[in-house]
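What follows is chain A paired twice: with chain B in the first complex and chain C in the second.
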Partner chain A sequence: MTASAVVTGLGVAAPNGLGTQDFWAATRAGKSGIGRITRFDPARYPSQLAGEIPGFAAEELLPGRLLPQTDRMTRLALVAADWALADAGVRPADLPAFDMGVVTASASGGFEFGQGELQKLWSKGSQYVSAYQSFAWFYAVNSGQISIRNGMKGPSGVIVSDQAGGLDAVAQARRQIRKGTPLIVTGAVDASICPWGWVAQMAGGRLSTRSEPARAYLPFDDEASGHVPGEGGAILILEEASAARRRGAKIYGEIAGYGTTFDPRPGSGRPPGLRRAIELALRDARLEPSDVDVVFADAAALPDHDRVEAEAIGAVFGPRGVPVTAPKSMTGRLYSGGAPLDLSAALLAIEEGLIPPTVNVAPSPGYGLDLVVAQPRPARLRTAMVLARGHGGFNSAMAVRAL
Partner chain B sequence: MTGRRVVITGMEVLAPGGVGVEQFWSLLSEGRTATRGITFFDPAPFRSKVAAEMDFDGEAHGLSPQEARRMDRAAQFAVVAARGAVADSGIEMDRCDPHRVGVTLGSAVGATMSLDQEYRVVSDGGRLDLVDHTYTVPHIYDYLVPSSFVAEVAWAVGAEGAAAMVSTGCTSGIDSVGHAVELIREGTADIMVAGSSDAPISPITMACFDAIKATTPRTDHPAGASRPFDASRNGFVLGEGCAVFVLEERESARRRGAHVYAEIAGYATRSNAHHMTGLRQDGAEMAEAIRAALDEAVLDAEDIDYINAHGSGTKQNDRHETAAFKKSLGDHAYRTPVSSIKSMVGHSLGAIGSIEIAASVLAMKHHVVPPTANLHTADPECDLDYVPLTAREHRTDAVLTVGSGFGGFQSAMVLARTDRPERGAA
Partner chain C sequence: MTTKGTEVTVRAFTLEDLKRILVEVAGADEDMGPDAEILDLGFEQLGYESLALLETGGRIERDYAITLADDALHAEVTPRELIDAVNNLLSAPAV
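Up next is the complex of A and B:
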């Protein structure tokens, strides 16, 4: 019998709520965290909206020595990990060090930190570059820093697959649980809302250029014209189910199934891979499509991408066959942080029996989706499917289930 | 899917000193070094002025002009190596189910070189805080998020299965291949194109390693600058490169009559939970990774014929891993040849782990252990057999290769010839 991996703790850092409670209160109420960028003056750029996390006081939450060596995304990740461990009722110091590992995803590393050091390099000279640049910006930094802060010596890892990475990391964490490590800290937090990160994101051509926050990010709407980026994500505590039960832990739910695929090369004429990822996740979870009570969509908000996703959902679950939602319409797309945040929202939705809404969207009938819009929808929820796609062709799907 | 075992059936190496497995092996087996004074940019302002650079022209290795334009150098390495590895394996990808073919690539620093160059342009030499978006190249998002390398390789080989980048700093090259092995074992894929690539020789990388004095300041004799285990070592030499493998489930490889280089018998990773760049001298966590990898391989310490060391040539690394070998292998550590090919090809960060897997495979193929170049007087605290200067003929049926990196990651992999005499195998 394969060990079951369950979620026992959540640590959330989202644009519409810092901390799980605030995030869920905002999300179930349809309250958005998207607004005009404040971190720098965006006036010169075509895209000016983002999901920023307001009021994050790292200096009150982390030791001062960590501040000069960390990018914002690492500070958020360290704090989210602290919250997740506290939520799980786990004190790492009480556990054997090799029984705990850390597997996170990252899309772009500590990019804001990197901009600062590149600026010193090219404007002042190489001798002004911080010693911390050697690790503050690279993709492995969050796993490393979380393992050090919490004394975790077990198997760790770092996955990069753009937005899909958030699910791929949780899947890798589950693999380590199954191989015998009792506890893995997993999930992802991303942030690159700095001018240098911003121009790199804009160049992809997938950002909305609308200036009104309620009209900018409209997945599955006829007016969809790209997404709004955000920052943040979620850190989850994964434990082997029987060990979690033995210690009387609260269990949010089980990571029941996972599937991942890669799209065919452009121009090949072969079908895209998202449908297959969903089917693989169902098979892995031994679920029928009818067992799934809600789908948290990737919600790219580009017509071609929305069509591919709607077709995949329709092919598996039938026309309007399952409620679909995109609470990321309230946070923006958080890159690798997005899917762990959706997993958290899915587990909280199951707990409350309430599907959070997709805000601001008038669903295009052409997609044939039962999109939960405007108001949250009460429902008896047991199983949720979270979808995430990464630029270039990464598709991942993960099913979570109440126990 | 229990009992599935994973073998290497194809490989390609792009390393300083030459493109291709043959050039790589002749460099190693002759004990030559590929380190030189930096030519990619003016190294004058930097503390460390040497690197193991590759002479590489993507178009000469089959990339189209458009591919060469859009891809970062490390992505170019990866695509060339992936095509080479698939060709070497003899697999006709057109006849495989693409859904059962996956890709994992390791990289520590992704598209650093392109990001450094492009930043310089959009910031107008660092003058602009609010960098100028009208000067960006259209594909800069692919530099921001280096999983683009994986996409390029998946397109190049026609893979539509599990695909991801594994980016655990300097152990990425082992962890990426280890990840691919797990995917085949669990049944997610039947064939994985797996390896790693880094091209970090750019001013920002040199500057940050200068700042922590991780790289050598030696300038007098670039060919002798990388000196693992030598008493006079004073830092690593930055390198670049790539190695990619074709991994297959053993029985299906046998069925198609594939040439099998070796089995990847065991893999494990642990963290030191100590410091982002520092190491505790007892090597306990690397030792734990080694023990776990041997357990997975169902091999004893005595089965290991050669240790391909991390051997970066920093003061603390070489002592750290010497301690780890003794702790995990006991007395057998003293009887086993240990060497560091970083003495010859430098330290290519996330790529080197895969390049070292390739060196380990070739050591088994030829029953020749590559040397540690530039090792004239060993550090008295490094008291194992480091195969100084000259390659050695040595019966090699099983190899341990290890990596250690920033973030505290410690990884170990055990490779074995599939025709080795079995001892107590499961």
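Up next is the complex of A and C:
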């Protein structure tokens, strides 16, 4: 019998809510965090909207020593990890260092920090570049800084597979728990709303260029025209179930199943891999499609991507066979942070018995989806499926289940 | 600095200068403690890891137009030793 991995703590930093309570209060009510960019002047860029996190005061939440060496994404991740540990009732100092590990995902690393150092390099010279650039930009830095701050010396790492990475990291955390580490800090936070990060995202050609926040990011809508990027994500505390029960921890739910695939080469004639990822996750969780009460969609908001996702959901669950939602319509796509935020929303939805809505979207009838739009939908929820796709062909699916 | 054969030592680099640079490059937590106590503790004991020291050394070299010796700044060096090393360089006759 393999060990069961359960979520005992959540730490959320989202554009529509800083902290789990604020995030859920906004999400269940359909309150969006998407607006015109304020962190730099976007006037000269074709895409000018983002999901920014307002009011994050790192200097009040973290030691001064950490500020010169951290990008915004790392500061958000460190604070989210603090909140998640507090939510789980875990004091890392009380636990053996090798019983705790950190596995996060990252899509882009610390772009804003890197931009600042590159500007110094070009305008002043190499002797002005911070030594901290050596790691502050790096994909693995959130895992490293969380492990150092909390004295966690167990298995650690980083997964880089764009948006799918947010699920892949939690799956890797579950593997480490099954291999015997009692507690893994997992999830992801990305944040690259700075000019350099912005042009890198624009180069991908998948950003919406609409200027009205309520009309810019419309997954599964006939007017879908790309996505709005956001910043943030969620950090989750994953524990071995019996250990969590022994210490009387609150258990949000179990990571019940996971599947991941890679799309075939374009032009191969073989089908996309998302459907098989969902089927693998169901089999891993020993679930039938009818056991799944809600699907949190990847929601790319590009017509061909939306079609692939709608067809995969329809093929597995039947036409309009399961409620589908995309609360990321309120935050924008958070890259590696998106799926951990969806896992958090799924666990909170199960707890309350309420499916949060997809905002602003008029579902295209052609997709055959039972998309929960405009209003939250009360429902008895026990099992949720979260989908996440990464650019270039990554497909991941994860099932979470109430215990 | 040498003037007409008379050596004039210019104590140009002080503990205050070092503390200011440390705060700028490595950040500040609580008060570091009384000057008398921190002068003779190793930088590692004071909580500065290798990159903070690299950054500190680079800033001193830049601001004071000197080149520190490779062993002038590491975990066991104390603020007093670093301050002396910097001042020796500043007072050395220009080559």
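Note that in this section the second predicted complex is superposed on the first by the 403 of 403 C-alpha atoms of A that agree within 3 Å, B and C clash if a C-alpha of one lies under 4 Å from a C-alpha of the other, contacts with A are read in each partner's own complex, and residues count from 1 in each chain.
The rule is simple: a residue touches a chain if its C-beta (ideal position, glycine included) is under 8 Å from a C-beta of that chain, and two chains touch if they have at least 3 such contacts.
Being a predicted model, the structure only gives us computed values, none of them experimental.
Novice: For A:33, decide between first (touching chain B), second (touching chain C), both and neither.
Specialist: A:33: touches no partner chain.
Novice: Now for A:69: first (chain B), second (chain C), both, or neither, which partner does it touch?
Specialist: both
Novice: Applying the document's definition of touch, where does A:213 land relative to chain B and chain C: first, second, both, or neither?
Specialist: Neither: A:213 stays clear of chain B and chain C.
Novice: Which of the two, chain B or chain C, is in touch with more residues of chain A?
Specialist: Answer, by number of touched residues of chain A: B.
Novice: Return first, second, both or neither, reflecting whether A:134 touches chain B, chain C, both chains, or no partner chain.
Specialist: A:134: touches chain B and chain C.
Novice: What part of chain A is shared between its chain B contacts and its chain C contacts?
Specialist: In the superposed arrangement, which is not itself an observed complex, chain A uses residues 69, 127, 130-131, 134-135 for both chain B and chain C.
Novice: Taking the touch rule as given, give the residues of chain B at its contact with chain A in the complex, in rising order.
Specialist: Touch list, chain B to chain A: 45-46, 98-99, 102-103, 107-110, 115-116, 119-120, 122-123, 125-127, 129-133, 136-148, 150-151, 154-155, 158-169, 172, 175, 179, 182, 186, 188, 203-204, 206-212, 214, 268-277, 285, 288, 405-409.
Novice: Give every residue of chain A touching chain C within the complex, in rising order.
Specialist: Within the complex, chain A touches chain C at residues 63-69, 127-128, 130-132, 134-135.
Novice: What residues on chain A touch chain B, complex-wise?
Specialist: Spelled out, the residues of chain A in touch with chain B are 40-41, 44-46, 69, 97-98, 101-102, 106-109, 111, 114-115, 117-127, 129-131, 133-135, 138-141, 143-145, 147-148, 150-162, 164-165, 168, 172, 175, 192, 195-205, 260-266, 270, 273, 276, 335, 390-394.
Novice: What residues on chain C touch chain A, complex-wise?
Specialist: Listed in rising order, the residues are 24-29, 47, 51-52, 54-55, 58, 61-62.
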